[in-house]
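Reviewing the structure listed below.
In this document, chain identifiers A, B and C correspond to the written order of the chains, with residue numbering beginning at 1 in each.
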Amino acid sequence: MPDTRLRRSAGVLLAAFFALPLAVLVVRAFADSWRAPALVPQHFGLRGIREAFSGIALDAFANSLVVAVIVTAIAVAVGWPAARVLGERRLRRPGAVFVVLAMPLLVPSYATGNGLTEWLLRLNLADSITGLVLAHLVLVLPYVIVVLLSAFGPRVTVLEDMARSLGLTPLQRWRWVTLPAVAPTLAAATFLGFLVSWSEYGSSLAVGGGRELLPVILLPFVRSDPQIASALALLFLAPAIAALGLAARAARSPL
Amino acid sequence: MDTRHPALAAPTTPGPAAAVVGRDAARARVRRQRRRDRVALAPALAIVVTVFGGALLGALHASVTPLSATASAGATLDSWRALFADPAFLDSIAFTVKLAVVTTLAATGCALAVALMLRSRGTALRALASLPVPVPHLLVAVTAVLWLAPGGLADRILGGLPLELVRDRYGIGIVLVYVYKETPFLVLLLLAAMGRGLAEREEAAAVLGASPAQRLRWVVWPTVRGPLVIGAIVVCAFVLGAFEVPLTVGPNYPLTLAEYASQATQNDVLTGESLAAAALLFTAVIAIALAVIAVRFAKDPQGA
Amino acid sequence: MNRNRTLLTILAVTAALALAACGSDSAPKSGAPASAGADGSWQATLQQARGQTVRWWMYGGDDKINSYVDDDVAAALAKFGVTLKRVPVTDTADAVKRVVAERRAGKTSGGGVDVIWINGENFASGKKAGLWLKSWSQTLPNAKAYVDDRDPSISTDFQVPVAGQESPWQRAAFVYAYDRAKVSNPPTSLDALLAYAKAHPGRFTYPAPPDFTGSAFVRQVVAAKGEDAGFAYLRALKPYMYRKGESFPKSQAELDTMFGDGQVDFSMAYDSSFVNVGVRRGTFPKTARPLLIGQGALSNTSYVTIPANAAHVAGAKVLANVLLDPGLQALKADPNVLGNPTVLDRSKLGARAPEFDRATGSNPYLLKDFGVPVAEFSADRVEPLEKRWTRDILR
């Protein structure tokens, strides 16, 4: 068994390696100017923060949040049964169904963006909430299914059978056996699905009907104005990091 | 073949007549289960096939009919022909595929190592290590430039970097950024798969005398293999088709397929649209082919 | 097996539906829309516009332009009962793609894009495909009163005749930036630039075409020297460039950061106020100054256009008219606001001319004189030049 203290510090170093470089975004958000060779910004200021808390940005935040929550909820509701069927390997041709369901993840979204806009226009759904939700859903649903399916399988089925033979009702089985068994992967799938909708730019602009959405507001600034982009990024990341914490916690402790 | 299915576990009633009845009952159960499965899959399939199918057909249509003022210009393979006649496109294919394979292998290797190191640690460390996951790729790339470009933070702290990491000819910068961003994503999937009961099973194996290497091979690996393969497919497909990271840190030549496509639309949006659609549909074919191979490779219970 | 058949049926039905719908992918019957403009009366247009919400798709990466539009322009528009909704895009092509998708879907009215801030190749290719509303910009009252439509820089956009399909809004000139604290005697001609690069190797670069800015730099060189001599110049310049010309920035934003970090001594942009903007954003040091290289700056005008299928044509026209209002143009030209030269003809301003005099306040980050403006190239020369650059210089 390797030295525990070495292991512990390796873990801390890893976490730092992944987390620290992003901390620079916080500094950049408050830096009016930060040019080489300065290690610390030459001037601090609130120009970025003011933009990030303007009416438009906050509207975008609210809209994006509502859309992302709706889309994720639908994706989990629709995706859970599909993931279950795929994960429990009852199909004769699981590969074919998997590839069809995973297709939106395999085809670059940049390729089908215009095609999706055109299709939603033909269906008269463009610029409506339904159209926007569908456009997001078609990316989030495959993600949720593909991640969630690995949670299901013989191990879960055996536990459920044991519960059934012990006389638990289907609801009780679901609450006390199935849900805890798949909780970590379910949390990861929900979190990742939420992120896809939260960060979706292409279809949000094309069929959003001009609604303020956070990625649409943020992207134009990313290369042209790092301070405003960093400040908007902080606004963008806040709920995402909160969701990350929840998902990380669900992977460890029982429900 | 179907005997692993609990519904088909043979009933233990004696006698041939009873056995026939038992078999019929079992077949009926299987048919019910199959019907339930179809119902379970239907909504997901319906959404993906109708919404995405329409979009895909639209992209295909666009690739063969460049828009012009004259109505029925008719379907033409001009864009596809132009694409494959362009040496820059062919170089793009080679570069992008190499990039995707290297990135996927590196990210999966790192993710496995990181997940093993973090599996017994607490929520805080896991969350910190997963921090890149919610950050959009473009922001990660921009942060990488802030750190690694000449004149960037690393340069300012160390007084100079030994290697060119941004806009270098081999795309090392691209691989680094993708590995930095995708490893935590894969780690998230792996830790979720390890979440329940793995520790206990490993302990049980240890009690039975298994060495750490044996525990890894026979207890840990089967648990993580499924999500790892799926995660690898997702990462590979993404790297094949995305352009934000190469645009920020990649070389001027060769371009990745997605950059090539986006450049095609920078001049004439209309004819460029056709070229771009063709280029990206070709990318999709590569991604689907790799996914099919991976799915075949991983044909085992507990996983794809 | 049953299930696979079901799957195939779903796929087949979807394919059939899509192909059937695709069959209606034809150009609209006529270019002129049914309503607004047919009767030609501005009063009628104003009446129709009242209560409309105009969706203006425009670049959203500059917070000063955003607030100018959200505050000043929107307020002026509100006086006519029209609401303005600014839709930020990263690239004008995003807006054009939406209009193209509507065309492919056969949507000939009620389109989701009312106005686009556009020029150059985007406008030209849209014009060829018949995407834009025709013959409306010359009917705007402010255009008739204040705009000189015989000025070729107004009536042609990259040498493509505007034909009343877009209304001018901004002028742009291609200028450079240098740091006064580092370079005391900046080059003012292309040959002097080459000499500077030879004396200080690795201190100059430009974005790789087809980036908008890099492409414009190549056009300036070709305009000054002719095509073959121009490319000979670029080839001669290459070994003295940053990283010996082996790698180029891919965007102007990247070049700006390199300039701000002191990696190179010059930046450039097709925006006469870009030094002002760069200092404001903290990307440039306060000692940065604008620079003119050559006898005159490459110039262009940018416009607003209305898609032929726009839902709120009347409101869009009112917006285009408001943008030409001398008060708003003067505000835009004010060095303390945006510092963009006006598209209006000063000799026609009459009583409103004094509003523009305050726009000559001194701002060290803005050039006062752009020399003899160099006209832009024809839109269909742009891409071949970019391709030639990739062939001759990059590889």
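Everything that follows uses one rule, which is that contacts are C-beta pairs under 8 Å (C-beta built on N, C-alpha and C of every residue); 3 or more make two chains touch, one makes a residue touch a chain.
Predicted model, so just to flag it, every value in this text is computed and none were measured.
No other two chains have as many C-beta pairs in contact as A-B. When every chain is reduced to the mean of its CA atoms, the largest separation from subunit B belongs to C. Centroids of subunit A and subunit C (each the mean of its C-alpha atoms) stand 35 Å apart. Look at where the CA atoms of subunit A average out and do the same for subunit B: the two points lie 15 Å apart.
Residue positions of subunit B with contacts to 2 or more other chains are 34, 37, 41, 45, 49, 54, 57-58, 61-62, 151-152, 248, 273.
Residue positions 3, 7, 18, 97, 100, 104, 251, 254, 257, 261-263 of subunit C are each in touch with at least two other chains. In subunit A, the positions touching at least two other chains are 36-37, 91, 97, 100, 113-114, 118-119, 122, 219, 223, 226. Every residue of subunit A that touches subunit B in the complex is listed here, in rising order: 1, 7, 10-12, 14-16, 18-19, 21-22, 24-25, 28, 36-39, 78-79, 81-82, 84-85, 89-91, 94-95, 97-116, 118-119, 122-123, 134-135, 137-138, 141-143, 145-147, 149-151, 153-155, 157, 161, 180-181, 183-185, 187-188, 191-192, 195, 198-199, 215, 219, 222-223, 226, 229, 233, 236-237, 240-241, 243-245, 247-249, 251-253.
Residue ranges on subunit B touching subunit A, taken from their complex, read 4-6, 33-34, 37, 39-41, 43-45, 47-49, 51-52, 54-62, 114, 117-118, 121-123, 125-136, 138-140, 142-144, 146-147, 151-153, 155-157, 180, 183-185, 188-189, 191-193, 195-197, 212, 226-227, 230, 233-234, 237-238, 240-243, 248, 258, 261-262, 273, 276-277, 280-281, 283-284, 287-288, 291-292, 295-296, 299, 301-304.
Across the complex, subunit A is touched by residues 1, 3-4, 7, 18, 21, 55, 59-63, 70, 85, 87-90, 94, 97-98, 100-102, 104-107, 112, 251, 253-254, 257, 260-263, 281-283, 285 of subunit C. Listed in rising order, the residues of subunit A touching subunit C in the complex are 31-37, 42-43, 51, 56, 91-93, 96-97, 100, 113-114, 117-119, 121-122, 126-127, 205-206, 209-210, 216-217, 219-221, 223-228.
Subunit C makes touch with subunit B in their complex at residues 2-3, 6-7, 10-11, 14-15, 17-19, 22, 25-27, 93, 96-97, 100, 103-104, 121-122, 125-126, 128-130, 208, 210-212, 243, 246-251, 254, 257-258, 261-263, 382-383, 386, 390, 394-395.
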